[in-house]
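Note that the chains are named A, B, C, D, E and F in the order they appear, and that numbering of residues resets to 1 at the start of each chain.
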Amino acid sequence: MPRVSVTRRVHFSAAHRLYRPGWSEEKNREVFGECANPNWHGHNYELDVTVEGELDGETGYVLDLKRLRDVVHASVVRDVDHRNLNLDVDWMSENPTTENLVVAIWERIRPRLPEGVELKRLVLRETPRNYVEYEGG
Amino acid sequence: MPRVSVTRRVHFSAAHRLYRPGWSEEKNREVFGECANPNWHGHNYELDVTVEGELDGETGYVLDLKRLRDVVHASVVRDVDHRNLNLDVDWMSENPTTENLVVAIWERIRPRLPEGVELKRLVLRETPRNYVEYEGG
Amino acid sequence: MPRVSVTRRVHFSAAHRLYRPGWSEEKNREVFGECANPNWHGHNYELDVTVEGELDGETGYVLDLKRLRDVVHASVVRDVDHRNLNLDVDWMSENPTTENLVVAIWERIRPRLPEGVELKRLVLRETPRNYVEYEGG
Amino acid sequence: MPRVSVTRRVHFSAAHRLYRPGWSEEKNREVFGECANPNWHGHNYELDVTVEGELDGETGYVLDLKRLRDVVHASVVRDVDHRNLNLDVDWMSENPTTENLVVAIWERIRPRLPEGVELKRLVLRETPRNYVEYEGG
Amino acid sequence: MPRVSVTRRVHFSAAHRLYRPGWSEEKNREVFGECANPNWHGHNYELDVTVEGELDGETGYVLDLKRLRDVVHASVVRDVDHRNLNLDVDWMSENPTTENLVVAIWERIRPRLPEGVELKRLVLRETPRNYVEYEGG
Amino acid sequence: MPRVSVTRRVHFSAAHRLYRPGWSEEKNREVFGECANPNWHGHNYELDVTVEGELDGETGYVLDLKRLRDVVHASVVRDVDHRNLNLDVDWMSENPTTENLVVAIWERIRPRLPEGVELKRLVLRETPRNYVEYEGG
């Protein structure tokens, strides 16, 4: 059977600041600029979750996108939407750059996917002009 | 010469239902949910057709995008736009999931491309939140 | 207090055909073109519901957008999403052009809004290139 | 000369929480739901600033959009981008709902416009599905 | 019958420069900045043409959007698409600012509309961040 | 450390014509159609620049996107924005098709990237329906 990729897009809104605890405020401000603002700022994040697998000859699905949506909501969106990425998310211990966030989301979703489909790619948009991609490499 | 990918985006609007003939209405409703509605529903589909080839040193084209558009219209859009994917499209005999549809479109476009360019990727969006990708694998 | 307009955007996917019962198939085809296809076609509709009212000095809301969303879901989206606009929607007896649909949606939402806010504008998009607006006039 | 409206779109990213100081945390949570999270959340805001005026027969401009952009940056974007709307913005003393924010932005921009153009409309988008409009009424 | 607005969106790609013939190159550069580049620059323009009228009780249309599209193509798009707005368009004698262009387009479309519908609004986007609106005032 | 791709999107507006100097005007018109208009036309180009590298364990960045933006502005955007691609850009000697342009942009950006990150992909959109991709192959 052909292998096809299917993608579900989800959104969440969160606060964060870029900040490395071992550094002074001055050093953080120097490296992270306005993103280091101690009073936080925030974004509407857009996340595209892409899984790949063989077409199921009976259903014509790779997997039911509702099932993918449920995995992504239960393991990611519920924890980060309307939250503070530095303070409220126990699986996000690193400085919440978009790069660190996409890697942490990968680790949340991959073990929860049904058998027979593999996580292929995450695209995480932080602003209309900046986004990151991760393929597990 | 460098190899570049060029993409043409097209749109079509179609009705469909997700339905497996060998199953009861109850079973279809259980597996496909509201998508099994016997009176149909529909979508604005957005299709990105990507071909790859060497730059032609004379024209600076991989291929004239008008030519790609004409192939896609004649072999796909004309048959599915303002049509019912279950009833009106003779090359679409499978349950018209987005996955089955993208594979069928691949088989329509690939043999009709000019020599020297290869079909690299199709992206088919069914809603703003759901899309599939196929690379012929 | 200042008067502000607030908008909630919702989506639904539906099948329809443009068809006037008193006319022959030929006449329907002549007037409505491909939109008259007897086997239906469909769209992803995007609806912007705009209400206007005074700011509430206590909450800073005109109204809670979750409440507006619930009204729109209960009175419109639940009835039309994954449905056939000609066959499945009891409050849609006219030929389901975008114009007739937006007027029928207006009549559904207006009487269900909380006191103190008025329905100001509906924008209903049928395709990326075509949309209608209604202000109750 | 004809009167034309011209619009400049700007973006900013900010943290906030919806919170009324005179209320208990429970009451705030009850009214504002997840938006009351004490650790904040945030958004990418998109603001369309529309001014109207007569065409200048010499330049063919209503006003130079670079000038409008500079007014909006100096009076709004510089103060709110990468900031906390509850803590960092001295002209934002109300609960930072989108409604209160758009009214406060109106008061910032209107007195700073050049003579001969009037502020006609602000559209402020908080998420892809929610936005507010204000015309000074 | 209810009055509804219907909109058709069209696109065109054109070159232009902002330039007032009676002024020196220095003065043009001072007022119009990079837009005065003597070797031209260009844009993908997006034009929303909105007409308003009573619903026709027989068809459920205000007017057939194909008819509106044909008027807009014949009177505007055919003349400006892949053209130079300063050199190639005989009905565009003014400095081709977006403001002057939208007024000239209004004069092209209005007299060509069918009876019973009125031109209500044009929105002309020059870049993702800049657009103008004209209502004939 | 994980390898992540990060993308910065930039925009520029330029005029061009498709034209091969060794050919007659008739031949150019025959091959390039309206794109050969001697008086030029133009576009709003959208360019996504994607680089890949290892996460830096200290900052959580692959690279600071402001640094990537500065490289792209200094080596590409400054030279092409509000310019004529045939006349004004000394590093663009080929016929300015989107394919030739994306290859030339690749050669501009690649040698200017900081050590440890590699240029992975460019996506260059010329219109909402046409875009090209280049991965240096």
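Definition applied: contacts are C-beta pairs under 8 Å (C-beta built on N, C-alpha and C of every residue); 3 or more make two chains touch, one makes a residue touch a chain.
Only a predicted model underlies this, so the values are computations on that prediction, with no experimental measurement involved.
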Interchain contact steps from chain A to chain E (minimum; 1 if touching): 2
Chain whose mean Cα position lies farthest from chain A: E
C-D or E-F, whichever has more C-beta pairs in contact: E-F
Listed pair (B-C, A-D or C-D) duplicating the C-E contact set, over half by residue number: C-D
Centroid distance [mean C-alpha coordinates] between chain E and chain D, Å: 28
Approximate Å spacing (C-alpha centroids) for the pair chain B, chain E: 33
Junction residues of chain D, two or more chains touched: 128
Category of the chain touch graph - line, ring, star, complete, other: other
Touch list for chain A against partner chain D, complex: 11, 13-16, 34-35, 37, 39-44, 81-84, 87-88, 127-128
Residue numbers on chain A that touch chain F, as the complex places them: 18, 20, 31-33, 94-100, 102-103, 128-134, 136-137
Residue ranges of chain C touching chain D (in the complex, touch as defined): 2-10, 50, 55, 58-62, 65-66
